[in-house]
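Each structure below appears as structure tokens.
The two complexes that follow have subunit A in common; it is paired with subunit B in the first and with subunit C in the second.
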Partner chain A sequence: MSELIPIILDVSSYILILVLVALGLMIVFGMMGVINMAHGELFMIGAYVMVAAQNLGLPFLAGIILAPIIVGFLGLLIEAALIRHIYLRPLDTILATWGLSIALKQLVVLTFGPESHSVALPVDGSLELGAFSYPLYRLILMAASILLIGGTFWLFTRTDFGLLARAVIARPNTAASLGIDTRRMYRWSFVIGTALAGLAGALVAPIISVDPQMGLGYLVPGFLSILVGGAGPLAGVLVGGAVVGGVNNLLAVWISPVAALITVYIIAILIIRLKPEGIMGGRRAK
Partner chain B sequence: MLEIENLAAGYGEALVLRDFSCRIAPGKVTALMGRNGMGKTTLMKTIMGLIRVKSGRIMFDGTAIEKLPTHHISRIGMGYVPQGREIFADFTVAENLRLSLLGHEGGNVLPIEQIYDWFPILKERAEQRAGTFSGGQQQILAIARALIGGPKMLLLDEPTEGIQPSIVHDIGAQLSRIARETGLSILIVEQNVDMVRTLADEVLFMENGAIQERCDIETLRQDDSLLHRYLSV
Partner chain C sequence: MRNNLIALLVFAVLAASPVAIGGYWTGQLTAYLVYGLLAMSLSLVWGYGGILCFGQAMFFGIGGYIMAVLTKGMILPELTSSYLGLIAAMAGSALFALALGYFLFAGRGISGAYLAIITLAMALVLERLMNNWYALGGYNGLLNVPPIKLNFFGASFELWDRMPTFYAVLAVVALVYFLVTWLLSSAYGLRLTAIRTHPDRLASLGYNVLTIRLSVFALSAAIAGLAGAIFVTLDGFASPTLIGFTLSTEALIWVAIGGKEMLLAAFLGAILTRTAESWLSEIFGDYWILILGIAFMISVVLLPKGLLATPLEKLTGSKRKKTR
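Presenting the complex of A and B:
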């Protein structure tokens, strides 16, 4: 049993980070029809903000605060320069943001070099309970992720901003004819989505190796989570993230990473074949 | 109030409205009648900025609105009740109304009590999901949602479509009362002759993307040959 608990915790923390990444993706896709291929790079830049903060001798917490601000601001620039012109044209958004992802990756290579970096753990200790021992930072990471996921759900289901956002998703034209500035809603939702990616990257930086290619490893399972869970209700991301992240991580430990990936894709294909809208349903018919 | 000059608009390359002109007087209820496919809904959507204007001019209360974004047109006082009502089915009644309040924040919004006074059913069922409403109740909600922004003019696109006759009459009478009390101008697209007779002061007949005839409601009451010609009823 004591061997099982760390595995379950590992899987859970991976799922939570995956859900954080996928949440940002889904806000942007569900709301604006923008498939943001650069989302993984925004996540990566969040991690590099931690590297830069560490190099500058800033405290860990400063990096955690700076990452979503810097990446969110980058999101604002990307929205104004690029995304604004291609709303609701999914195919164009794939091309444009894919190009953007290459550019961002190269920018990071030029600035930080192609090699991988590591970020020191802010807390070294482990939680010891009898025979069970688990790194403290991973527990903090899980708690922070749960808070963030909960906060995002709260923002989109309990606040006026969320009411407006959900109205714009469901019926953009009707929302506009009620005086709601849909473009402004798109812009701030995009910024929230990118800031979330940046924060997720910053949080996860101390437990992974930070390199320019790290984005893809979260983008692909992030997209799979949305496909499997359904892009409609926010809860779809939770279910999708749990299925994709859970299967991937458990099988990677028990069998092999390759077998895990093959299984994840087979399950994803089966679910998409049997329930094209995803487990929790897709965007509602207009 | 609303002056449209030489308007051309449509979908993609296909123009539905060509050289369309008309004037809608303030403080009156004007009904726009015509067979399906004559461009009535296109006209409504074009006024609201939901369809791009190819050429021509739309003046609303002294402002040229043909290039403004939809939310801006709404905020300067154009209320819109679209065809098919388009209420937010998953939201509660109160949330549907709140959306319009948020959209018109800082503007000339009506107090919610005023809305509840006009339509008591919305108060009784404020916390009910709007999707559980009947067609007529949804229509009332859609109208209330447009009114709460304090519009100077209300565009109503086929409000009686798919609604039982008893409620049609109630809605007509209530709208008539609101228009009289508040001086609200209404432009209503309608096929239902009873509704037009209850509500309208003036009737425009539209065919092939242009106004062919206009008459006041008294003329229509005495002589329904226009109805035969333009609606084949």
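Presenting the complex of A and C:
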């Protein structure tokens, strides 16, 4: 039993990070129908903000605060320069953001080099409970992720902004004719989605190796989580993230990482094909 | 028919080019021609068939591996004929596409963004699989794939030297181009336009939408498989990079930059992008990929029909009916 607990905690922390990444993707996809292939790179840039902050000698917390601000601002620029022009061509957004992801990746290679970096753990200790011991930072990471996920749910279900946002998601034309500035909603939702990605990248930076290729490893599972869970209700992403992240990590421990990845992708493809509206139901994106 | 004249001109220029560019670049150009074939297959399925496939290299890689396994005699040591390899590569890719396509399109099939994500995931799965399939070389791939051996009437000839290989590949590419162009100008091409724009209307007119979709998916896979089979004989080597994600997305970039709704533009998109890459990456170094990414973005946003297709359409005067 005692060797099982660290595995469960590891899996949970991966799922929480995956949900954070997927949540940002889902806000953008659910609201605007835009598939943001550069989301993984925004996550990566969040992690690189931490690397830069460490190189500059800034404290850890400063990096955590700077990452969502910088990445969110980048999101604002991307929305204004790129996404705004292709809202009405959803398939083209896949291609254009793919080009963006290539450019961002290369920009990071040019600035930080192609090698991987590491960020020092801000707290070194581990929690000891009898025979059981677990790194403290991972527990902090999980708590922070739960807070962030809870905060995003609160924003979208309990505030005026969330009400307007859900109106725009459900019936964009009706919402527009009732005087909601849908373009403005799109823009700020996009910024929130990208800032979440940046923050997730910053939080997870100390426990992974930060390299320019890391985005894809979160982008595809993130998308599969959304599609598996269902792109309609926000809760879908929790279920999807749990299925994709959970199966992937448990199989990686019990069989091998390769078998895990292949199995989880195939399970996800089967679920998406057989139940396109996702496990939790909701609207089916065209 | 001016369209065909332009294409003839393009192939004539390609045929004459070895004189001007020398041996090394002829070798490179041969590989680019094969990439052009892959680009054509993607243009067929995406631009004409309306199926955005994010994993076109799957079919390229399957063709390549089948060719390598057969001509190396790994299954049947007596049967190492290149012809058999090429045919098996095309058939194998097409069968895989039929199975995958049936799974994806039958019933209330999936389309658009969902299809893109699923084909992307499939390509990642296959790449991971080949990386760990040790009987097929695993990460290192299969080495020493023999060159194509042509047999006519008892005489046999190995495609080993640069010039004969170049002209043989060019002939195959030109043949495929004109065959597909002819097919697209027939009633079948009309059905493809209809399936891309109004699939429901086509179904209500009594056509079987699934059959048409599957046929174009399989045809495109067969062409990609052929390209893969030729490719492994050029370098004599098949590796998991052929099947995976990077080549799939590269092909997507060539086709989008060239023009997905025009076979010739997609073909030239591949050749010109690869040529530009090998020249400009020397000048710009690591900045080249940055430039490529930005060029791709600009071409998608400002020229959704493609960078090359827009001028080419003016030149040929062929105004394809505006779709949607």
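What we mean here is this: the second predicted complex is superposed on the first by the 281 of 286 C-alpha atoms of A that agree within 3 Å, B and C clash if a C-alpha of one lies under 4 Å from a C-alpha of the other, contacts with A are read in each partner's own complex, and residues count from 1 in each chain.
To be clear about the criterion, a contact is a pair of C-beta atoms (placed from the backbone, for glycine too) under 8 Å apart; a residue touches a chain by one contact, two chains touch by 3 or more.
These figures come from a predicted structure and were not determined experimentally.
Peer 1: Is A:276 touching the first partner subunit B, the second partner subunit C, both, or neither of them?
Peer 2: second
Peer 1: Have a look at where A:103 lands relative to subunit B and subunit C in the superposition and call it first, second, both or neither.
Peer 2: Once the two structures are laid over each other on A, A:103 reaches subunit C alone.
Peer 1: Under the stated touch criterion, name the partner, subunit B or subunit C, that contacts more residues in subunit A.
Peer 2: C
Peer 1: Would you check which partner chain A:90 touches, where first means subunit B only, second means subunit C only, and both and neither mean what they say?
Peer 2: second
Peer 1: Between subunit B and subunit C, whom does A:175 touch in the aligned arrangement: first, second, both, or neither?
Peer 2: So A:175 only meets subunit B here.
Peer 1: Looking at the overlay, does A:82 come into contact with subunit B only (first), subunit C only (second), both, or neither?
Peer 2: A:82 contacts subunit C only, not subunit B.
Peer 1: Give one of first, second, both or neither to describe whether A:167 is in contact with subunit B, with subunit C, with both, or with none.
Peer 2: In the superposition, A:167 touches subunit B alone.
Peer 1: Hey, what residues of subunit A end up touching subunit B and subunit C alike?
Peer 2: Looking at subunit A, the two contact sets are disjoint.
Peer 1: Per the contact definition, I'd like the list of subunit C residues that touch subunit A in the complex.
Peer 2: Per the stated touch rule, the residues are 52, 103-104, 108, 110-114, 116-118, 120-122, 124-125, 128-129, 131-132, 245, 249, 252-253, 256, 286-287, 289-290, 292-297, 300-301, 304.
Peer 1: Spell out the part of subunit B that touches subunit A in their complex, as residue ranges.
Peer 2: Within the complex, subunit B touches subunit A at residues 48-50, 69-71, 73-75, 80, 82, 86, 88, 90-91, 95, 98-100, 102-104, 107, 145-146, 149.
Peer 1: Inside the complex, what are the residues of subunit A that reach subunit B?
Peer 2: 160, 163-164, 166-167, 170-171, 173-183, 284
Peer 1: If you look only at subunit A, which of its residues touch subunit C in the complex?
Peer 2: So the residues of subunit A in touch with subunit C come to 29, 33, 35, 82, 85-86, 89-92, 94-96, 98-107, 109-110, 216, 220, 223-224, 227, 258, 261-262, 265-266, 268-269, 272-273, 276, 285-286.
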